[in-house]
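What follows is a set of notes on a single structure, which appears directly below.
Labels run A, B, C and D following the written order; every chain starts at residue 1.
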């Protein structure tokens, strides 16, 4: 009996589908989006750091460019990714050790609140300077 | 005669026939306001379209065969009241379970699910656990009955079926299952947990923990807890996955400690682990 | 001569057990089922593994079948049963007066029954009505009807049987006055085909009459519906029965985390679509409350109704109709190669299968004996693999 | 019957490492951010500042630890995403090996860069 089956490539994208899902699914999807974003950033960052090996002038000209408001905005986005991924990671780590499993939703809420507060504080600092 | 209010309820049903593109059909059927969704499905089949296929058997959440998605969320139509999922206007949408090949309409091929349950090897019966509510005034209260429960002379202990009815709802709700075809899945891992609790022989325990520790075992779980939220039987598969993780981690450290000692390096899992905190109300 | 091919119509408990028996006798078997396994009467079952106690006064033939099969099923499907025994409980003076006849009936049917002190009964069943006057313990049990059928079919398949679900019989093929096969339609694809058979067994439960009519014969069956109510928690460890003749709402069967109260009885026209009368549900609650007073306090989880395939006896009320089974060889009606197995209960499905398989073998002149009393069943999970 | 799920590799270690590095990164990233983007004047160090900073042995050790943690954590994460594609076991093994190579190269590049800066 032939069946209706979806190709693997379509399966692989299903983690993105949060329709009709609950909080934990949003946590997972957010974690993955930020995770992938951070990997991309990591390699961009490592690439940019190669300027350090080219000597003082190329690095310092990059630094002056990076102090523009556009780059500072990107920094805030980066920080948001790090906070979401890092703090949600703490939830995954704790529940993985069988700690706070029943309170995982509340845990996620508290951690994301902490992320938001930290992000606002950091943004004020970044743009305040 | 108790008066019975009848409803005209529209159902938007996923239809699929081999070789044809899937589509939705809308049927309006008459059911009592106290009816469950499965009664409405029955009415579609009996009065509207005899070619409509779906799975069902017990109509009271014991067999686990009728599981599907109602308005996108995994449910058992036999215990879901029509009034709880219908807003009074828009059709109630019925889709087959996710993550399983669709055979026809709402029928999916659940062999992948039963392969996992067979691999876990959990027996369907369990014994010696109190199964009666402590308080009937507040069913959420858990604990020990104030009156002691005696076991009939002819028996050594009471026994009962496991909570898991093998409805596969958790495997449909699981986002890891959505992408990783080889994942053992929430029910499979919860069954491993229960089988591990029942196992009294160290080699069985080692085998079960080995399964859970595989490349597509407990560590693939993304901690979305969708399975526990969707489970109609309060099996709490995610809780079981986390309990297995804890035991595996504890054993990993024990093995490491033993390897560091003078004792020759070994992968022996023979030391029985203490009872885990989910022990009381297993799958 | 090639191995004869038998088609079994229906994959409820009777059809599943029949396919299993015939397959073990090394016949070629094809099961035709229009829906999922156990999607008819068997599925919506009270899940009671009868000790026979329920029938030992009014219907001894059924009671003896029940206790025999109860013991056999414990052997062949030990992992598929909740075995906590059952209590017959007297709540009124009339119930109490029934006790002696009940114990006598149990003794006559060889049902091990034990008159136990009320205090002990209440210690075993904390939610039992404290006004209980007497309690008799019998070896009742609980099964899971769906898995019951899957286990028989999985085993049958191991012996070569073929199970075709979502396939319905549309017509019979004749050669003269003999049935030589059936026309079937796959409900999933709409495709029709003809299957040849040396013999067709009609095990369609309350739909047996409908199937028989396609072959031009009739079956004296009365589809009789019953309502069952499932509670959202388990209130009893053991099966609880009223110590009296079978009547509405006189039994509460516990299963998994639920208790199921049953049942009522009324004759239905169309077994395909049964509307649950709300007064029957209310009656289940008020009757169940007598055995277990907290019944009204716990939410209802599900309610169900299904037609039972009772065999009609002229001038007899549905409650009085024997719950035993009967084989109809339609050769008596002028149609060869077609047998209907009707009546019965899931508890006695294996015995029904043995009887019909004996007749099948006799008609096909095959000397094969029944083996189903001793062969343990395969895991029901294998059905889907 | 053949059991399709009976496989040997023990995945506890990978997960534990992911958690260990994850927690480590939360701490190290906190320090990294503080030191490089908040304490540093204008949010970024200029060249001379970077060189001086990295020549502090404590900083050097922390930054190298950061390099190892972030690389392994990132690549284990990539592996988790790749496992979701349901590739065959042999491809999965090859992907794991490829990711190991990428990890070694990344850490090697980081070490080379650091050496270039502080020598």
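Of note:
FYI, a residue touches a chain if its C-beta (ideal position, glycine included) is under 8 Å from a C-beta of that chain, and two chains touch if they have at least 3 such contacts.
In this text, all values refer to a predicted model and were calculated from it rather than measured experimentally.
Here the chain at the heart of the shown protein, by mean C-alpha position, is B. One simple way to say how far apart two chains are is to compare their mean CA positions; for chain C and chain D this gives 63 Å.
Averaged C-alpha coordinates put the centre of chain B at 26 Å from the centre of chain C. Our note on geometry: chain A versus chain D, Cα centroid distance of 15 Å, whole angstroms. Mean C-alpha positions place chain A and chain B at a centre distance of 32 Å. Annotation for chain D: residues 15, 84-86 touch two or more other chains. The set of chain C residues touching two or more other chains comprises 188.
Within chain A, contacts with two or more other chains are made by residues 1, 8, 11-12, 15, 32, 92, 96. Two chains count as a pair here when they touch; such pairs are A-B, A-D, B-C, B-D. Considering their complex, residues 8-9, 11-12, 15, 32, 35-36, 38-39, 42-43, 46, 49-50, 52-53, 55-56, 59-60, 63, 66-67, 72, 75, 79, 82, 86-87, 89-90, 92-93, 96, 125-126, 129 of chain A touch chain D. For chain D in complex with chain B, the residues that touch the partner chain are 1, 3-16, 80, 83-86, 92.
Across the complex, chain D meets chain A through its residues 15, 19, 22-23, 25-26, 29, 33, 37-38, 42-48, 50, 70-71, 74, 77-78, 81, 84-86, 106, 109-110, 112-113, 116-117. The residues of chain C lying in touch with chain B in their complex are 35-39, 42-45, 47, 79-85, 114, 120, 123-124, 126-127, 137, 139, 142, 144-147, 166, 187-190, 228, 230, 232-238, 254-258, 260, 270, 272-273, 275-279, 281-282, 294, 297-298, 301-304, 306, 379, 381-385.
Residue ranges on chain B touching chain A, taken from their complex, read 16, 18-19, 22, 71-73, 98, 101-103, 109, 175, 178-179, 181, 222-226, 229, 238-239, 242-243, 245-246, 249, 276-277.
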